[in-house]
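Look at the two complexes coming up: subunit A is in both, with subunit B in one and subunit C in the other.
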Partner chain A sequence: MRMVVWEIRMPIALMAVTVGACLSLAGAQMQTILANPLASPFTLGISAAASFGAALAMVLGVALVPAALALMVPINAFAMAMLASLLIFGLSTMRGVTVETIVLLGIALVFTVNALLALLQYFASEQALAAVVFWTMGSLTKETWTKVAVTALILVVVTPIFARRAWALTAIRPGEARAVAMGVPVRRLRLETLILVSALAAVPVSFVGTIGFIGIVGPHIARLLLGEDQRFSLPGSILSGALSLSATSVLSKANLPGAVLPIGIIAALVGVPVFAILIFTNGRRSW
Partner chain B sequence: MVTLQLRKVEARYGRRIIYAEASTPEIAGGHLTALVGANAAGKSTLFRRIAGQLAGKGEVCIAGAEPGDLRYMPQDTGMSAALTVYESVVLALKQRQGGWRMGAEELDAVDKILSGLKIGALSDRHLAELSGGQRQLVSIAQTLVTRPRIVLMDEPTAALDLYRQYEVLEHLRAYAADTGAVVILALYDLNQVMRACTMTIAVAEGRIVAAGPTLETLRPEMIRKLYGIEARVETCSRGCPMMVVDRAVEDHEMSGYR
Partner chain C sequence: MTSLTEPMAAAGVPRHPYRRLVARRLTILAALAALLCLSVAVDLSLGPARYALGDVVSTLLQPARAEV
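Now for the complex of A and B:
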């Protein structure tokens, strides 16, 4: 029994905490630098690319990076996600590229990669297709201590970097012109943040698939409750993401004993009403 | 003493050159300097170039201050965020200092600038709820809270009522006198300029057409050239210079530059 708890339950529980924290923090900073309340870690195509990478492994058995069979799916997913981020990053460094352009490029990438994914699925065997669909829905089922450690590591590395830039990141919110007037190097900050967010989102997504909702709602919950000052909203986003995904993970198992529903679905079904209540009962208007 | 001088400064947006070779005499700190010119004459562009936001050849010479001591307040830009007035001024201050903690003297500086501009009562209001004039006062507070040695303000009085226009100009004049800072203001009201500003720089079509003591610069011929109006500069009953507009000159088209 102790074995079961330690080797199976515990990693799943901790994975929910770390993944929720990563995605929520990534979403918070994405919304900040893109000045867009709908932005999430996946706005720029990170999850779509990860899904495509995973599908390459599951459908065609193609490994983008030579790896052990067990790691082929997450490593493929990660490689594709980082490739997508680097592409967006590269385009963003070009002259005259504004926030709006970055978002448009991201959307173009999402559509392209989704089309490629659909193409793969079209040719996939029934078995592979089921695996791909399940993966893209996101699930916390087969977690290990290694995955928990890697996810926690990226969080521990990235959080202090954001913390040091808390004032500058807060200053972007009232508007780019104003931030520049305050002496914030907006362009550089945006590019740096883009890289950090990519890593922060790509790692958990590679392990657990797409759990999109947390990345949008987590930061909004934190902001609604704590305001825009990153000294509060940054730890707040981490906490709200960790708590939301943990709660969801518990719910997804409690619902149907025996069968475990994909957590991404539960997150959206339970999260939306909670989110709506917060929006309508809270006086703070940020966007 | 802080001084600022432009030497053959070029300013352009991409390939579009607005200023080819803008030069000024040395502008000394301690008093207000006005930047005047018609719509689209190039006032904001000159400010952006001095603030280092636009590229171009030539030299912006600053003596007595670091380039980091310069603050440029853009023309009114919207501010919407769940930040209070107080937080937004703290934010401006903290960009220089860093550190998550707020020291007593930092809180002091914020309180002082808010009460100095008579907006202490707005401290807890959210930015999104402010009126245009209130927003303008907050911008001014954000700009001055770091006590910059060079201040460029684009139309700081545009959204203000008469009382606050007067108060703000008075506050800025006192700030310049206290700190010896170079303070340049883009203004449209020439009577305001004559009353408050010692020096005036006049721009038209991307050229600096005059720069010097205000009353020597703002002569009727110059006003006609800048704004296309016939005006007189007379002395009021208390001995202050003031401008009276007689009529508009016909065919004074807005320049399309090159």
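Now for the complex of A and C:
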């Protein structure tokens, strides 16, 4: 029992916690800096780009970093996710680009990358196609202590940076003009946050595949319960995201005895109604 | 002599609304953390072989005493 609990199940359970925390925190800060309740690693194309990178490795055997062939899939996924983030980041630094433009560019990126992914799937062998489809569903079944440590490290490094900027990130929420009036360097804060959020989203996605809903639902649950103050909503987002994905992991195992359903599917199937109930029963505006 | 908080209390305003708000939010965070711990324990108990929650908790707290 000790072996099963500590060596086999613990990395999976902790991976659910750390991935949920990372995606929720990334979603929370994306929503804050882009002033959009729909912003998340999933809706801005970071997850889709990671899927495309993984598919490149699985279908064509292309390694974006040739030195690490054994870790071709996660490294390709990470590289493409970071590339997508840097693209959004680069475009956001251009003159005249507004927050709305960044969100629209992210959505355009989602459609472009999904089209490329579909093209790869069209030409893929049956075996590669099955692997790509399984990867895009999101799964925690192949997690190791190393992956847990890398994901946790990103969270541990990024969280204190956001915590130090809690005041500025709270000040940006009522509007850019007010934040500027309060002395917040909005443009610099937005760019720095975008870089940190990119790393926060790219690492977990490269390990577990596409898990779409946590990046949206986690921050909204935190806001409903704790309000807009980042001193509370920041740990709240981390905890609600971790709890959401951990509960999803439980449900993915509890449905069929002996079988584990892909966690990405369960996250969407369960998350959407839970989220709707929360919004309709709370009676408060979450955004 | 009248204290400064008396008129506020008479008007129905809580004496320490900010402190109460902070306490409420900290309680919510603690509840979320407790729920997360419970969820992880349940997650560990589920799989091809299902364990009792008590056995999982004792394995976590006293790994040396648990069966290999």
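Keep in mind that, in the parts below, the second predicted complex is superposed on the first by the 280 of 287 C-alpha atoms of A that agree within 3 Å, B and C clash if a C-alpha of one lies under 4 Å from a C-alpha of the other, contacts with A are read in each partner's own complex, and residues count from 1 in each chain.
The criterion applied here is as follows: a residue touches a chain if its C-beta (ideal position, glycine included) is under 8 Å from a C-beta of that chain, and two chains touch if they have at least 3 such contacts.
Everything numeric in this text was worked out from a predicted model, so none of it was measured.
In the superposition on chain A, A:A181 makes contact with subunit B only, while subunit C stays out of contact range. Residue contacts after overlaying the shared chain place A:M94 against neither subunit B nor subunit C.
Of the two partner chains, subunit C is the only one that A:S249 touches; subunit B does not reach it.
In the superposition on chain A, A:L239 makes contact with subunit C only, while subunit B stays out of contact range. Once the two complexes are laid over each other on the shared chain, residue contacts for A:A70 go to neither subunit B nor subunit C. When the two complexes are superposed on chain A, the residues of subunit A that touch both subunit B and subunit C are 227, 229. Residue ranges on subunit A touching subunit C, taken from their complex, read 1-6, 8-10, 12-14, 16-17, 225-227, 229, 232, 235-236, 239-240, 242-243, 246-247, 249-250, 253-254, 257-258. Subunit A meets subunit B in the complex at residues 96, 163-164, 166-168, 170-171, 173-175, 177-178, 180-184, 223, 227-229, 231, 284-287.
Touching subunit A in their complex are the following residues of subunit B: 14, 53, 68, 71-74, 77-83, 87-88, 91-92, 94-96, 98, 100, 126-128, 139, 142-143.
Within the complex formed with subunit A, the residues of subunit C that make contact are 25-26, 28-29, 32-33, 35-36, 39-40, 42-44, 46-51, 55-56, 59-60, 63, 66-68.
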